[in-house]
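The two complexes that follow have chain A in common; it is paired with chain B in the first and with chain C in the second.
The block that comes next holds the complex of A and B.
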């Protein structure tokens, strides 16, 4: 029982990182209708910058500077690349191909500047795990969960309860109407990209504490983040958080109990190393979820009128 | 347009002919060294260009062009058959073979993504399934290679059917996510403990014992050349099949589905059938490419050969080569092998070495061109300068202006080069930067050349030297004569190409 609780909590804490990357995707998708496949690569790039800053700065300053750098990178990418794609070319596969191009650009920059070796990332709260009646919770995971939760809350408040959020949502809902109402939609797009990549950067910095910092640290995370966002129907902050946490729990439980489940079901094979199936089972669930409910668990079905 | 210029059959090659000539000669020299390369390349290119003109003129006059076809065949044979024969090393031959296999995989991707509009970030996984199936069938099943490749194609087609099912319900990004998930999962599946005895885990499989040598023992026909010829034959058959497919009613259903699903349905196209069959055919081609890949890599396969990076590389190669174009697939495949992999590597090691060499010259030339293009955007310069430059001027003044612009751009380029040198000597490793080049190239293509290399060739084909000269002049001298008309003309041409 303790083990089950332990695995569930560990998974939920890790899963919140997926939610943070997913939030970045949602923010960008909301404002610009583009799914940024380069999210993970850009987040990793910023994390490497933060890492080099943290060699000289104390943690809070480095973290804050890293987030600001991420925001600037996102805004610049919107201004210099995304906006250059002509309006009529933003259909079909073009946005997707552009973001895949960005993925390669940022991955190349990361490897070109920082090389391929793994680096340890500084921990703000080093120390032994906290013991709660036999359930051990790593300090890094707890910190990660706290920051993720705070970020979700902040973004939720921003989007639902501020004028800026209203304007951002207006831009997303109907760009022409927003423009006619006097919204500087171009700047809102830059803002959305900045916020989105800032999320990716924060997630990268959090994740780098758990894993070691490598250029393709976040490749798989992109898929999970995307899935978390899809659970929320690509437009719900809370749904994304729930989706990320669920995925994390699923992964964590698979890693321990898959062998037991197979034995319990009397399947004709054995699973010796369930740890290897962590990602696979999650990927299968994502594909099935997408086929069964493309609009997400929480999303409403969008009706397109012709 | 100056179509009539073809009929006059001037000895001077037109812009597109000159470009083809240069690329063909360069390629031949790269493969076979200066002496043999120049000889084969020059003869081959000359015969092909002559037949090209004959074909065009014949088509204009409505005459049969059988002699021109013969010329085409001779020229193409010189490039495709004689060139690997006189190649300077076995590596050069296997590089050509690699380009053919990559062209095949890009062609298969083009069928499903370029023609049908269904994004696939999973083609490296399909390639891998084909390769692994071939490896397992030869190694553990003790089958002949030909049969093994066929089994690989069948297995991959079955997987294509599975991927096609989500494609029925998902569009755009969502389908991208599913195929992305498959690509990410594939190498992990291969390394699962329970499958280790079939897939060999992260070491992969090596079936050196199962040789696939040439059927006759000529000294000339090395196993590399034999593999190359097999690859060539397979690619030609695939091109023939795909070109027939896309020109048939079924092919028009593919593009109709891509352009507007509702309209296609209204015209009686069964969209579900179209999407599924596009995935199945594409996957089967990818499976065959996988079998060839297995042969190409000395009959060995490993999980790190079929990763997300590869999948995206194929996709980028398709976009750079040209979407919905067979020529584009071939250009994309050769681009990926010769420019992206070999070229960028050679360039970046030369640049990284630090001494002054051809890489510097290339950088300066490239930046000069970019600066000129940037200046030609009229808003960059102050209005007085623009109006001064736009005034009618004598040829001498104009030549002076052009020279001045080029000199200024070149000076800026040298400055930028010095900056780049500083950056690379302090913190940037150009050799590792390789993926960034592909990313930047694809961004440029989407922003400035939606038709890719194939579309560019088609655009250039429609231009005569006079038009190219005017266009260049308009580019170099801001507000130069005919600058606007010309750019507009080119973009209109592009619209026609991309929409048609």
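The block that comes next holds the complex of A and C.
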């Protein structure tokens, strides 16, 4: 029982970071109708920059500066790369290929500049795990959860309760109408990319202090972030948060209990190392959800636009 | 068809004997001046050297069948379509190549056809987006108050999602949203599309009021000639991308050609 609780809590805490990366994807996808495959690579690149800053700066300053760098990188990529895709091609396959290109460019930049070896990342709250009646909660995980939750909340407030958020939502809903209403939609696109990559950067810094900093530490995270975003139908912030946490829990439980479940169901095979199947679960969730509920668990059913 | 409902706002203010667009007899500078405008979509040329003027506080109607190029002309003026050649001047400055949003800030607001609104946002949120170019809390509140004054039904519906509005209410919402930007020139594209005659009459009554009370100039594309000429000072008949004739509302109503081509059944039945 304690183990179940332990695994659930650990999973939920980790899952929050999937939600943050997923939210970044949602913000960008909503505003520009582009799925950014470069999200994780860009987040990792920025985390390396933050790491080099943190060699000289105290943690809060480095963290804040890292977030700002992420925002600027996102905005610049929109301005210098995404906007170069001809407007007519913006919704087709081309931008997808472009963001795949971003993945390789930023991965290459990271490895080229910083090398491939892992680095320890400073932890603001180092120390032994907190013991809650036999359930151990790592401080790094708890910190990751706290910041993730704060970020999700901040984004939610921005989008739901400010004029800027309203204008961003309007731009996402109908770009031409927003432009004709006086909204400089090109600037809104830059802003959305800035926010989206800021999410990826924060997620990268949180993960690096939990694991350690490597050029591909976020590769798998991107898949889980996609899954979380898909749970939210690629347009729901709450859905993405729930999706991320749910996936974290599912992943954590799979790693421990999959063998038992298989045995219990009398399936004709054995799972010797359930740990190896942890990541599979995200892919299964994406596929099943896309078939059963393409609009996501939380997304509103789309009316076909004529 | 019961479209002869017009006339209640009978406004043939200017009736000059001129037939060419370059006529601005009053000597006053026109607010909008389009000269020799050529526009194409891909390889298809839609406008072939259009000339047009809108005076300050004037109401100008673009008449002509579907596909004549009325919408394209409006789109070119508001920056949505890029002209191949020609000039567009708004308040004596060239505006070719400017983004639609920056033209909104300068007071030129385009209300496109098929009333595109933000379906998932509430009525009030839609209006607030329109107020993007308006700075200051009190200025926005004033603009909102004014929009609700012209369209009281929107106040009742302010918390409803825009998608739940009727067609007429949606048309009112897009005009009200344009009003939030405090325009000096309003481009209206087929505000009557798909609406019941009574609703159309209401909307045009409000447009006339906005023109008179706010001094907003109006350039509208309206295939319904009867109703368009009932509120316009001046009409341009556009056919296959060129201006066929220009005249005051009274002149155009009297013109045999316009009568035959556009008043159609309406004229035949009276």
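Rule of thumb we're sticking to: the second predicted complex is superposed on the first by the 303 of 306 C-alpha atoms of A that agree within 3 Å, B and C clash if a C-alpha of one lies under 4 Å from a C-alpha of the other, contacts with A are read in each partner's own complex, and residues count from 1 in each chain.
Everything that follows uses one rule, which is that contacts are C-beta pairs under 8 Å (C-beta built on N, C-alpha and C of every residue); 3 or more make two chains touch, one makes a residue touch a chain.
In this text the structure is predicted, and so the values were computed from the model without any measurement.
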Do chain B and chain C fit side by side on chain A in the superposed arrangement, or is it a clash?
fit
Residue contacts on chain A - larger count, chain B or chain C:
B
A:98 contacts which: chain B (first), chain C (second), both, neither?
first
Once the structures are superposed on A, label A:166 by its partner contacts, choosing first (chain B), second (chain C), both or neither.
second
Applying the document's definition of touch, where does A:265 land relative to chain B and chain C: first, second, both, or neither?
neither
In the superposed arrangement the C-alpha centres of chain B and chain C open, at the centre of chain A, an angle in degrees to the nearest 10 of 80
Go through the superposed model and pick first if A:55 touches only chain B, second if only chain C, both, or neither.
neither
Once the structures are superposed on A, label A:179 by its partner contacts, choosing first (chain B), second (chain C), both or neither.
second
Does the superposition put A:126 against chain B (first), chain C (second), both, or neither?
neither
Is A:279 touching anything from chain B or chain C once the two structures are fitted on A? First, second, both or neither.
first
The superposition places the nearest Cα atoms of chain B and chain C at a distance, in Å, of 9
Overlapping contact positions on chain A, where the chain C interface meets the chain B interface:
none
In the complex, the residues of chain A that touch chain C are 163, 166-167, 169-170, 173-174, 176-186, 300, 303
Parts of chain A lying in touch with chain B, wherever the complex brings them together
35, 37, 81, 84-85, 89, 92-94, 96-98, 100-109, 111-113, 115-116, 219-220, 222-223, 226-227, 230, 269-273, 276-277, 279-280, 283-284, 286-287, 290-291, 294, 306
Once bound in the complex, which stretches of chain C touch chain A?
78, 80, 99-102, 104-105, 109-112, 116-121, 125-126, 128-130, 132-133, 177-178, 180-181
Considering only the defined contacts, which chain B positions touch chain A in the complex?
113, 117, 119, 121, 165-166, 169-170, 172-174, 176-178, 180-182, 184-185, 188-189, 191-194, 258, 262, 308, 312, 315-316, 319, 323, 427-430, 432-440, 442-443, 446-447, 450
